[in-house]
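In what comes next, chain A is part of two complexes: it sits with chain B in the first one and with chain C in the second one.
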Partner chain A sequence: MAVKRSTILWAAVVAAAVVLILLWKPTVLVYGVQRAGLYAAVAIPMALVLGIVHIVNLAHGELMMVAAYLAYFVANRLLGLDPFVAMVPVALVMAAFGWLIYKATIKHALKAPELNQLILTFGLAIAFSQIANLAFTSQSFKLSLSYVSASATIGDVSFGVFDFVYVAVAVLLAVGLRLFLQRTRMGKAALAVGQNPRGAAIVGINVDRTYGIIFSIAVGLMGIVGSLFLTKQAIFPGVGGPYTMKSFCLVAMAGVGNIVGVLYCSLALGLSEAVINGIRGYAGWSNIVFFAIIIATILVRSYRERKR
Partner chain B sequence: MLTIRNLECGYGRLPVLRGVSFDVGAESVGLFGPNGAGKTTLISALLGMVRPTAGTLELDGQNLAALSTYQIARAGIALVPQERELFPAMSVADNLELGAAYIPHARDMIDERRESVLGLFPILKERFRQLPGTMSGGQQRMVAIGRALMANPKLLILDEPSLGLQPSIVAEVFEKLAQLKTSMSILVTEQNVRESLKAIDRGYVLENGRVILEDTAEGLLHNPHVISSYLGI
Partner chain C sequence: MAISETSLKDVLLFTFDEINKAGGVLGKQLQLIIVDDEGKGDKGVAAIEKLATVDKVDVLIGGIASGVALAQVPTMKKYQIVTVATGAAASTTVEKALGPSPDSDWYFHLHPWDYNQGQSYADGWDAIQKKYPAIKINRIFLAYEEGAFGKSSFDASKAIFGTRYQFDGASFKSALQGGSDYSAVLEAAKEFKPDLFLWAGYAQDALPLLEQSKAMKFSPPVYLGAPPAWPADMSKSPLAENVMLYGMWAQSINDISAASKKFYDAYVKAVGTAPTSYFAALSYSAVYIVADGIKRAGGTDKAKLIAALEATKYASPLGETITFSPSNIIKHQGIRNQKILQWQNGRQEVIWPFEVQSKPIVYPFPAW
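Coming up: the complex of A and B.
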């Protein structure tokens, strides 16, 4: 396969940035990659839903929040499970919940104009965070796990290593979903549905069931992500909101259906956020930079497409 | 085999089909009519994509109106849609394979089906790894026909296969259909009556949502209405 010149150019830019960061502050590189892992792990299930079901799920981060509460109360408090164990039952329960949400709501909005779908999932997001607020109040909950503060030292630089879990999960999700979509019967059907639902129906694929399964898989994966999120972060009803927004931006930046692209975009954003955070006195700018990069990417892309 | 009785169908309150009846047996049948006559609507009803408001649709005694599109496909009806509806990001090879992969009676004979499709349209062999978007309209039409044939259908339906194709390709497509009609039932809608008469045994003329004429290919060729409205003599 021929490698595009722009790909080489981008790789060179990223490599140069990485070298510069390494020379400047090696820990920034570590934290940037870890942050990228978290962003990608959260965003990938959203990319799956957008790519196949063609719906922007504005309740995406809130589903992570629900999963985190589930992991906290049922698995941790009630059954005494560590989040790493809890993520299995939580994922299964979330997958079932996802199926239910699909059948009860999303399915009926798919034929409606896109605006209705946005309003529907936006409504779900508000409902989830309000219900969490009523049930658990706005007080935050946090686990204190000793393993999350594990650290490593290379030369005279030491840094936390636990967050590499997010990187591993993000890569596993991207690779796993790719294999699922390209190798399995169900996955190939999902790809076909994502590309042309009418075409898929006339070759004998049950489009409605495929949508349901993909949505359910995505919400199930949020069960895993939510459990991992709980290991280190404090959870409260509004904790998911910013992740909905950031995931949406990442997915938009990567382009519809491009799951591996989400990894690269997360890396770019994670690194730039870490760099900003690394400059003394400028930490507050990291969100602004995040969105500035997104806006710039989308503008550049629309400009390029217009020229074609 | 396919029996349609008093079919009525429309969009919202707009009636499009106003009581259409016809049959397709072990034969090749044409359905002719001008733009907007309701040909695509009729096919959509057959495939469960629009729901009839009255009448019956049966394939070998099975009520199609109760089934979803994917179930109708699995029951043995393969469609070559007017808009082709290919999978744009998949190669010709994958598009063909998808034609059979989810059809129970075709799933286990993908290799044989592919052989026969590539035998019928050798050009697809050269384009095997290409994306449909990189091919001409005629070649894309062949991919769509090939994909439908992969399903080993009892009934092959083609909705205006000649649309947008240059005359030499149109002739080629109907030649291929003429070869196919010995092994399956065919229903083809067309405005291009002259070319398609080579590939059909019988035909119906649909105008304003009603069948106004039914005859053999030979009969249609000599019918004054067909001659003045469709053969342009």
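Coming up: the complex of A and C.
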């Protein structure tokens, strides 16, 4: 099978970048990949919802925050469960919560203008963070888990290895969702609904139920991600907001519904942020670079599409 | 009256309750209206607008983050309500925005400014090195969050320490602003090989920063944190052991101060847990200072209240008597000193000033 010239070019550019980073500061590569794993794990459920249900869920990060609180207070404090064990019941509870949110709110806004949908999910985001603020105050909570400080030493360089869990989870989510969408009856139905809801309804697929299940799966996955997030990060009511923004940008950069694309885009952004952070005195530029890359990608894509 | 920051809500509630149960002030009950700024400038500004125009409060109390205070200053200046501020250390932004007397005479700043704190730390480390010859500090590294608080801390620390020590620093994105990775700043610090590593960020950064330091095997002889508050779970973490900190109050002050013991007992009785931040003692003090001021002013007439607050002499739970005097810019500066403390067996012990020392220093910070 002939490999495209552009693919070879991209592979060469990536390989050259990796070699340069390794020669400059090998840990930048490690931390860039780890950061990418976290971004991708958080963004993939949003890509699923946007690709199938066609709604931008601005409460995405707040759902991760809710899951993290659930894992902290109910699963850990009350039941003494480690977050890795807690992620199973938390995912199930969150999936049920997702179903409830879909039936009570999202379902009624699907045919409304996009602005209304944005306002609805933005309202949900505010409601979740305010409820957390009222219930738990703005005090931060953090579990002390010895395994998050696991490290490796190569030569005289020591670095944390726990964050590779984010990479593993992101890959598992991407591969798992791809298999689900391509190999299962439900997944195929979801793809059909995502591509053409009217056509899918004509051939007998229950569109509303499919939307509900997909939204519920995505929120359930946020239960896994939220529990995982709790292992390493402090939680507080505003912790989810920045991740909604980053996830949305990644999903937009990857292209609507492109779950595997989210992995690549996260890698590009994680590495570029790590490189910027690695240059002394320029850490504050990482956000600017993040958005510059996204803007450039979207512009290039729209230029290419216009050319076609 | 009003307060920002939900974390301080409980202490305000029980302090008002304590005063009102004791008969109130001038025979009247004090009324508390709480608005949480959630650490966000826009919410902080909206809170001042509401408290000034809807609730028409006589006094504003509270605040922690410098960034929020900076956003609030123009609105505060518009209404010029008598304010007892418990937070905001950034002098280059907040104090400058407030401006000199008489335009800022309605503002009573309890918390030390960053340059007050820096001077206090310099004095403290000089005294510690003199008393404990094994402790030698030549190189200091400051990891600071990239917002107003962190940048201001860096500028003030560089001005004070930069001439006497080899001083370096780098910024990081606080978890409060969506950051999650401290590797770059820790690598820079590790490369510098500091005798004293100091970080200026928020409670959300405390444990993740320690965990990442451990993962990177970074254990400087002095590991010191200067967040406005510590996370609720800090005392339970084994990583906290022998971490040093700057603060104004610790439970160990109860051993030498009756006022501190009274505050602590009241707090535990009302809230059910021990305070996690010196801001609790600071807020408690702020309410008593205001109540005492109203009493001496004979009411809430603004000019009389300002004059009464200027004459404050309050034996606080912080282990010192609070009075107000001019700072570099404003007329009413309260506390100027911080204390150097250390986590030992889950408790914050006072290391310096020596007159209130509760435990000797553990040095060096143990390697991971």
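Rule of thumb we're sticking to: the second predicted complex is superposed on the first by the 305 of 308 C-alpha atoms of A that agree within 3 Å, B and C clash if a C-alpha of one lies under 4 Å from a C-alpha of the other, contacts with A are read in each partner's own complex, and residues count from 1 in each chain.
To be clear about the criterion, contacts are C-beta pairs under 8 Å (C-beta built on N, C-alpha and C of every residue); 3 or more make two chains touch, one makes a residue touch a chain.
Owing to the predicted nature of the structure, the values given are computational and were not obtained by experimental measurement.
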So, after the overlay on chain A, do chain B and chain C clash or fit? They fit
Ask   = In the superposed arrangement, which partner chain does A:A174 touch: chain B (first), chain C (second), both, or neither?
value = neither
One more residue to check, A:V53. First (chain B), second (chain C), both or neither? neither
Notebook entry, point to check: Is A:L271 touching the first partner chain B, the second partner chain C, both, or neither of them?
Noted result: neither
In this superposition, the partner of chain A with more touched residues, chain B or chain C, is C
According to the stated criteria, A:G204 is in contact with first (chain B), second (chain C), both, or neither; which is it?
first
I'd like to know which partner A:T137 touches here: chain B for first, chain C for second, both or neither. second
Partner chain in contact with A:G284 - chain B first, chain C second, else both or neither: second
Given the touch rule stated above, what does A:V219 touch, chain B (first), chain C (second), both, or neither? neither
Smallest Cα to Cα distance in angstrom from chain B to chain C after superposition equals 37
Dual-contact residues of chain A (chain B, chain C) none
Residue positions on chain A within touch of chain C in the complex are 25, 27, 31, 34-35, 38, 133, 137-144, 146, 148-151, 153, 158-162, 232-234, 236-239, 241-243, 245-246, 274, 277-278, 280-281, 283-284, 286
Interface with chain B, chain A side, in the complex: residues 185, 188-189, 191-192, 195-196, 198-208
In their shared complex, chain A is touched by residues of chain B numbered 47, 49, 68-70, 73-74, 78-79, 81, 85-90, 98-99, 101-103, 147, 151
Residue set of chain C touching chain A in the complex reads 5-7, 9, 36, 38-40, 146, 170-173, 175-178, 180-181, 183-185, 187-188, 202-208, 211-212, 214-217, 231-233, 236-239, 276, 368
